[in-house]
Amino acid sequence: MKSIVIGVIGADVHAVGNRIIEYTLTREGYNVVNVGVLSSQEDFINAAIETSAHLILVSSLYGHGELDCKGMREKCQEAGLDDILLYVGGNIVVGKQDFQEVEKRFKDMGFNRVYPPGVTIEDVLDTIKADLGD
Amino acid sequence: MKSIVIGVIGADVHAVGNRIIEYTLTREGYNVVNVGVLSSQEDFINAAIETSAHLILVSSLYGHGELDCKGMREKCQEAGLDDILLYVGGNIVVGKQDFQEVEKRFKDMGFNRVYPPGVTIEDVLDTIKADLGD
Amino acid sequence: MQLKNKKWTLDEFMAVRKEVLKSWPTGNDPLLDLDESVERLRKLPAHKNFALKLIEAKLQNRTMLQPRAGVALVPDHIDLLQHLEAAGADFLPSTVDSYTRQNRYQEAEEGIRVSEMQGRSLLNGFPVVNHGVKNCMKVLDNVNVPLQARHGTPDGRLLAEIIHAAGWTSNEGGGISYNIPYAKSISLADSIYYWQYCDRLVGYYEDHGISINREPFGPLTGTIVPPSIAIAVGIIEALLAAEQGVKNITVGYGQCGNIVQDVASIHMLEELTNEYLTKKGYKDMFITTVFHQWMGGFPKDEAKASGLIAMASTVAQLAGATKMITKTPYESIGVPTKEINQIGIKNSKMVVSLLKDQRFPDSDKLHEEEEQIRKEVHCLLDKIYEVGNGDLAIGTVKAFELGIIDVPFAPSKQTMNLILPARDNEGCVRILDFGNLGFTEEIKAFHRKKLEERAKAEGRDITFQMTVDDIYAVSNGELIGRPKGFKTYENN
Amino acid sequence: MQLKNKKWTLDEFMAVRKEVLKSWPTGNDPLLDLDESVERLRKLPAHKNFALKLIEAKLQNRTMLQPRAGVALVPDHIDLLQHLEAAGADFLPSTVDSYTRQNRYQEAEEGIRVSEMQGRSLLNGFPVVNHGVKNCMKVLDNVNVPLQARHGTPDGRLLAEIIHAAGWTSNEGGGISYNIPYAKSISLADSIYYWQYCDRLVGYYEDHGISINREPFGPLTGTIVPPSIAIAVGIIEALLAAEQGVKNITVGYGQCGNIVQDVASIHMLEELTNEYLTKKGYKDMFITTVFHQWMGGFPKDEAKASGLIAMASTVAQLAGATKMITKTPYESIGVPTKEINQIGIKNSKMVVSLLKDQRFPDSDKLHEEEEQIRKEVHCLLDKIYEVGNGDLAIGTVKAFELGIIDVPFAPSKQTMNLILPARDNEGCVRILDFGNLGFTEEIKAFHRKKLEERAKAEGRDITFQMTVDDIYAVSNGELIGRPKGFKTYENN
């Protein structure tokens, strides 16, 4: 059973999507480690180390995602998580912005997959499966 | 008491604005000659000749105004109405169009004043007064 | 011709038909062979049959959506309809241009020509007759939901022939509702006669096992029409249609604005139509209702127009209307683009699907309004049958002549144009001036009382100015046209 | 500190105040001298006083409108608010950014810096504390309607000081409603204590003749919260505020979606808040209600979002809510631009002004829903007073610890998070799993019965999947999350 770390980053308290993501990934047979809302980069990284996770799935709903996610890839590397996959999704920037630009900004920060508003966890189950090589 | 000819041109049956224009201009002290809905250019012109009107106020609501108003100025001249003022208003073209262009088209046809949707008869009372020189 | 409410014999119909088909070259199409058309329509899949889809629709809880739409040229019209289907329209229209409506096919031809030349539609609708059966078939082939012609044609006989032959399985209109609001000088006897023809044509198809829907145009002039008048006209047209063999009828109503009155009207429209059809012995009728989103002047602001559209949708769904005709944010400006038309549909669809499991609860207030409408409609129809000596067609013509039934703000000289409506203090449409309207003193007293409540609250007399204020009100974002400086709470 | 529901003495308040003002440099502003602030606020014109304008508003028939809005920088924020005023907002907000809400002023400072550098707001709101009194005064100077801070701050004491000193005459929030949905680990005893401070501050102003409005945050997590739970929390916060000297309170409620339940909720919110305030001996209270347009996940399509907004406006107006918080067509995407925010206001305004003379009629169905809510709220509050030995503050903390009161989908560990809501077959929010909720068996049986009706109609069991389906439903254009392939009419 592969482990996936999930949580909501920064000062963000949007808890509903997080609960549904936990429910859905668990139903799909993953070992879900949920660091919950209001989580720092360190919270995610520590959980990933503890559970040898393959994927950190970061939610950011409240708009500060850009500020909160800065430097996360570097912190992962410092912690020795060299190959860990980083996903980010929800409403990751403030307002309606051109998604191609937004995607670029987050890819430049080292995220492997970046999702626009409206993409639900159900929509990415196949991608997760493929990326985790099941 | 100056005379104003009003009516709705072409195959247009929108009667409500016409009735209100009659009511409003009469209240303002004009001799209103209403040729009603479904009126041809000739209907307007004949009424203007009969009552020595100074102004023909054409309503067109249904969108065919451009087709229906073509040649009206020339017909007025042929009938000897050399100085008659021609106004047109309502929803005079099909759809939402740039009004500057629309105005130009109708001015080129010889209309003195051209109004976009939303301009009510109350809005132009001052203009009429000024144009009729009271 | 001697007008009466009696099913035309096949011979009578066929004799007139010959003349009708001669009225414009497209009537000369071999595709207009009736028996071949019947066979073609038999092969139409059920989901493209308007009447059958309505039967299905009524079993569902959600109000179905249909926009208005039509442009001059065939390819553009198909593109337009495909956009509307994609946006969620359950039924599609082809709104017909105004020249065709007045049988001015020559001018429609010119409109097509100029539109082709300039690359934009100069017509306000799709010129069905000029395009002919083949083009209409092409339109239907390119969509996946049923098609209806929506027009406003006093004499739409050739139009009806063409659309039905092309597989369009619904036709809007009626001898009253497509004359009084849409013409000036055409006699009511004539237009009723023309529409008997259209209904008889549908009756022919029905006699051969093909269901076709007919839809009287409920809103009439769309301008604060008192509900009982609109409903009475709808019932008359339903009865006239049934006599000619029509089975599947959608009676209509245009939103007035007071929610209780609107819900009561939809309820009464359905109840009373069924009541009269049964009473007059018509069997196997299938009656549905259509609610028209606000038919009067719209606000200019697009966001405000959207608000009105969604509010209307709320009412239609809570009232349980089978279908709703949607408007668009451009309503006050001009014919909408396909994108703007889509917005109206999506906005409406959201509301009706959210609310599909809900209905307006029964309440005393609702029942009182229903009872008032019931009383008024009975009163009008009784008088009409009376002056017609039992014949509805004759009675209708006479009743309009005498002003017993009268439609406000109509362009037509066939209605007395004496009655004046105005809103009461809660926004219900009442009658300020009755003209010769066939109401009892009791009914009149009720209307007067209601308007006096408003007059008192506003501190002014009941005059035409109230009506004028009400006509402008909705476009200014209000329902009741209050005098300047009016403050509600001074009167609480 | 020993939490109890007792008005703080002036000394207690002033002692804590010293510490509060030290928590960030902007607290050190001479403009924060309380007596000078009182005098400044005395000069504020009535139309800029939130509390006074609400009194005026309640006399009118129309529901007042207030959007949400806030950006990082002062000039942009002013420009934004001016746009919203121009669009017809009756009250203005300043929505505060999320760092400030967690008292992370250092990060807010960074957000301001980066926003200035990049020329776009990287914060999701206006960082009130960092900007300080002067800037907040500047914002108020540039608008013509009252201003309120809307945030979600468990410890908003410095924020409250700053906004009131700047003449913002309303503060949203409460010890429960700004903790449970907005925090993870802050104890309820602490947040109630912090909000006693905020209320006591308002009490100070009231004691000196300055009216200031307070508004508990009714929607809580915004996610199918059962009405009686939201109403109970609103009443508790109103009572706690009244104890500290608050007089002018707006209790809130987030649209659930079933119209009858929503109308009943607004009625009960007002009735029961007044009932408890009277029963507990608070005099001269002025209570108004605020209806929040749908607070859960929105549909992505902007036209659909507009439909939802206008439908919500219909309900608010018919329910007679004093105020409504508007959403925008961008809701599901992100913080709206000023233009898009205007659309939400205009759309809503159209509906509430159209319907201002109308109310939802009384009916049995409405009364039943009202009675159900009344029973549930009484039941919860009785239990809370019981476990608090008559002290509401203590009772609330204990009741949350025990799960007697519980909020679904909350991020906070201060609520048991055991209860699960789901919709019944008409879309009313009911409870599927009660956890330890302090309901009688009779009430629980009612909820179970209602959910069984739905389960039967859908042919499936009552499980968490129903809740999940309901959470997604509205964003998919439905109210009830039906299983795939569900057809309503199979069950009619």
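Chains: A, B, C and D, in written order; residue numbering restarts at 1 for each.
The criterion applied here is as follows: contacts are C-beta pairs under 8 Å (C-beta built on N, C-alpha and C of every residue); 3 or more make two chains touch, one makes a residue touch a chain.
What you are looking at is a predicted structure, and each value in this text was computed from that prediction instead of being measured.
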Set of chains adjacent to subunit C and to subunit D: none
Label of the chain whose CA centroid is most distant from the centroid of subunit D: B
Averaged-CA centre spacing for the pair subunit C and subunit A, given as whole angstrom: 54
Where subunit A and subunit D are represented by their mean Cα positions, the distance between them in whole Å: 30
Whole-Å separation of chain centres (CA-atom averages), subunit A against subunit B: 65
Sites on subunit B at which at least two other chains make contact: none
Numbers and ranges of subunit D residues touching at least 2 other chains: none
Chain contact topology (line, ring, star, complete or other): line
Which pairs of chains touch, using the document's own definition: A-D, B-C, C-D
Of all residues in subunit A, those that touch subunit D in their complex: 10-16, 19-20, 23, 36-38, 62-64, 66-67, 91, 93-97, 117-118, 120
Residue ranges of subunit C touching subunit D (in the complex, touch as defined): 59-62, 257-260, 299, 301, 303-311, 313-314, 318, 342-351, 353-358, 361-366, 425-427, 474, 477-480, 487-489, 492
Partner subunit B, residues of subunit C touching it in the complex: 97-99, 101-102, 104, 107, 110-111, 114, 120-124, 152, 181-185, 221, 223, 296-297, 300, 330, 332-337, 340, 409-411, 464, 468, 471-472
